[in-house]
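Here come two complexes built around chain A, the first alongside chain B, the second alongside chain C.
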Partner chain A sequence: MTVPVLNATNVTKSLGGTPIIGGLTLSAEQGEFISVVGPSGCGKTTLLTCLSGLRNVDAGEVSFEGQKLDGPPDGMALIFQDYSRSLLPWRRNVDNVLFGMRRMTGVSAQEKRAKAMEMLAAVGLSKFETHFPWQVSGGMQQRVAIARALAARPHLLLLDEPLAAVDAQTRADIQDLLLSLARQFQKTCLLVTHDVDEAIYMADRVIVLSNRPTHVIADLQVPLPKPRDQIATRSEPEFLRLREKVLTLIRSMRTAA
Partner chain B sequence: MLSLLRGSLSILGFLALWEIAARSGLVPTDYFPAPLLVGETLVAEIGRGEIVSAFVATFLRALIGATAASLLAIAMALLAARYAIVRRAFDPIAEFLRPLPPAALVPLAIFFLGLGWKLYGFILVFACFWPVYLNAAQALAATPRVQVETARSFGYGDWAILAHVRLPAALPTIFIGVRMAASIGLIAAIAAEMIAGRDGLGFYLMDAGLSLRVPETFAGLVAAMVAGLLINALVMVLRALTIGWHVQLTRMEAGA
Partner chain C sequence: MRRLNVPAIVLGLLLLGAWELAARAGQNSFFPPFSTVLAALWANGGVIAAQIVDTLRRAAIGLAIAVAVMVPFGALIGRVRFLGDIFEPLVNMLRPIPPPAVAPIALLFAGTGDAGKIAMIVYTCAFPILIGAIDGVRANHPMLTNVGRSLRLSRLEIMAFIDLPAAMPIIMTGIRLAVAAALLVSVIAEMLLTTNGIGVYLLRSQENFRIADGLAGVVAIAVVGFLVNDLFLRLDRRLLAWHYATTGGAEGQG
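The block that comes next holds the complex of A and B.
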């Protein structure tokens, strides 16, 4: 049995005396795309900051590639919902991508720059290298953030509701872009979202969280054919069955709360 | 361009009214010399050279003082941003000393520092330090959390975050302080020269005013005004060079 890329065991976390995470266990295998959904306010973002090493856990353990986490590790990159603030407005798009490459040592500045340009091209932004983030649309800004995360050459991508703030058409485009990039670069991905359709569409596995203090209440395989298709996949009977199941679980918790 | 023209027209109109009022005897010309006479006096004074050296002395004092104070204040604010203990120790002192008008310090400073450059250095740095420090400390403490977390996740340590994220994010606000420091620097330089100076525009103005050379006093005012415009222009050029992105962004957000 191989070591999972990410492994959280019995994680507990309180913030300001309020228990947010209560005994949560999950793991991600190499190359998997996992979606995490849950009722609103269940602590998804707190969970992600714990899984990324930005916050320490109170009890339990998070390990990344077999190593217990103590701060953000090399090999993990985050994409935030708040792209317009996570990008640095004083850096041009290419320099924002370069910002993500700090851990890449022993590489000349020229090579780094070439690599950054390559990543911008991979997200379809070749013509916008020298623009500032605030000079391009919201969808493009999120693409810059994706390029920056990929440029760090992570083994694991953590995505915190990255598409919650863009319009529906852009969201579909970036979903497909993320799927093809995850495939092309063989990344393990963990997507936190409140959008059940998105969660199923993107993932190999959907994890459903409970109300606070949150823990895993369902862990569902998504046996839908790949590559996914915005129209065909979403009308598969299996997609609809999963959708109904996840929505029912979440609704039952909302009435319980 | 049009607004510049309109602005010039209103100033020219004001000067013309003043000229007419002076010539028609509506105002006592002994105290309010006509603009043309002030202009002639200014040219004559520039020819004599005294007003030029006074201008240069005051301008350099303000410039060097404001620059030194700004650098010192930014360094102090960076330390306060990095080490909470520095901030906790220094901020009460800042609150205590800041309300002190710099000119009130001159007599004591003469006693300790004499009448030379040390006096100017002390008064100017004291006067210019606070607006830069307060703006910088406040801005460095207000970096968006998501930017700091992004940097941490990419492997930036505390010092690197300060240099690559918090300082650049704070620069637009720091420049508000620097701009204030530049004009305060000029005020403090002229005030110190008036009280304790042997040269500079402050001394020139006192000398001309007390000996009732009214046109010369007005010429000195014009020189002080030019110094103010020039030092502000320097700050604006430096700002455009350092944070051109912010100038552009603000203009874009204003919809211009």
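The block that comes next holds the complex of A and C.
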């Protein structure tokens, strides 16, 4: 068996004395797109900071490509929910993407610049390289953040509710963009979201979390055909069956809480 | 080009007119009318300009030293708790000491030449800049640090490329306070540690009862002070265009 890209075993984490994560185990195989959903306030964001190495875990272990995590590793990129804070407003879009490549070695400045331009083109922002983030829309800012994350050629993309703050149409566009980029660049992705429809639409596998202290209560395969289609996929009987199942699970926890 | 601020200009002219009329009515040789002061400014223009250049030069050097030292120092104090615990009480203790009170010490250690005066200016400028830098980096959203860490930057890189630029709006406010103080203290330092500069010119005019000449110097300082402040205001609007654009501040992308 190959080593999973990301592996979390029996992870627990408390913040300020409150247990947030209680014995959580999950793993992501090469090339998989995994969605993680759970009831509001179940500790999804805390989980992501632990999986990304931004926070140490209290017990258990997180490993990335077989290496135990101790801080953010090489080869992993994070996309944050709050794009307006994750981009540096005093740098132009292309310079923000370049900023994501500071730690890349063995690549010349020219190659980096070319790569930054290429990534901005890949997210559909060819004409906005020299704009500042605050001169473009929220959806475009999140595209810049995606370009920055991809520019450093990570093996794993962690996405923390990246589309929670954009309007519905933009959300659908960026969902499809993320799916095609993940496919094109063969990335392993882990998307944390509170949107059940989005979780199923995007993923090969949906992981459902419990209330705090959170752990995995369901791990569901999504056998929907690819490439996904906003209209066709969402009306597949299998999509609706999964949707009902996940929503029921989450509702049962809301009443239990 | 900015539009002329007509009401402010009208107010200025009214005040100068009132000065002129009051002085002419009073007929007091210690209170010359504005027209006499203007004539004195014209007559002494060369001397005043030369003195002001000296005053400005020292103010600029003092300000530059204070910025170069205090911005990184403040960022360190603001970010590293251990350093904050050590230095903040000291800063708060030194801060209320008025600049003229340090003049004797400056005189003792740095002499009456440029060094003593520049030392006084650095001392005065240090506090608003230092406090701006400390508060500035502390006001930064913690998420910014996470962005830097997730890009695997070192602490120093996060400070230089994320913390400091993000804190610039607050640091710039401190710097603009320091600019005004630098000019003020540059003049005061000259009056206390006499050698040259516009402060000395004022002192000499006063001692020789050349009231109009002295007032001409004051008017010159006022004009220069206004221009310097305006320069920094423009600099602020330009450097921090991103800040004013995202917070909807005055003049937008100016």
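Following the convention adopted for this analysis, the second predicted complex is superposed on the first by the 257 of 257 C-alpha atoms of A that agree within 3 Å, B and C clash if a C-alpha of one lies under 4 Å from a C-alpha of the other, contacts with A are read in each partner's own complex, and residues count from 1 in each chain.
Heads up, the rule we're going with is that a contact is a pair of C-beta atoms (placed from the backbone, for glycine too) under 8 Å apart; a residue touches a chain by one contact, two chains touch by 3 or more.
Since this is a predicted model, take the numbers as computed values, not measurements.
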item: Chain A as common anchor, with chain B and chain C clashing or fitting; value: clash
item: Touched partner set for A:232, first chain B, second chain C, both or neither; value: neither
item: First, second, both or neither for A:240, with chain B first and chain C second; value: neither
item: Chain B versus chain C as contact partner of A:59, first or second or both or neither; value: neither
item: Contacts of A:15 with chain B and chain C, given as first, second, both or neither; value: neither
item: Partner chain(s) touched by A:89 [first = chain B, second = chain C, both, neither]; value: both
item: Which superposed partner A:114 touches (first chain B, second chain C, both, neither); value: neither
item: Intersection of the chain A residues that touch chain B with those that touch chain C; value: 49, 52, 54, 71-72, 74, 76-78, 80, 82, 85-86, 88-90, 99-100, 102-103, 132, 134-135, 152
item: Complex contacts: residues of chain B adjacent to chain A; value: 144, 146-147, 149-156, 160, 164-165, 168-169, 171, 243, 245-246, 248-249, 252
item: Residue numbers on chain A that touch chain C, as the complex places them; value: 49, 52, 54, 71-74, 76-78, 80, 82, 84-86, 88-90, 99-100, 102-103, 132, 134-135, 152
item: Contact set on chain C toward chain A in their complex; value: 141, 143-144, 146-147, 149-153, 157, 161-162, 165-166, 168, 242-243, 245-246
item: Residues of chain A defined as touching chain B within the complex; value: 49, 52-54, 71-72, 74, 76-78, 80, 82, 85-86, 88-90, 99-103, 132, 134-135, 152
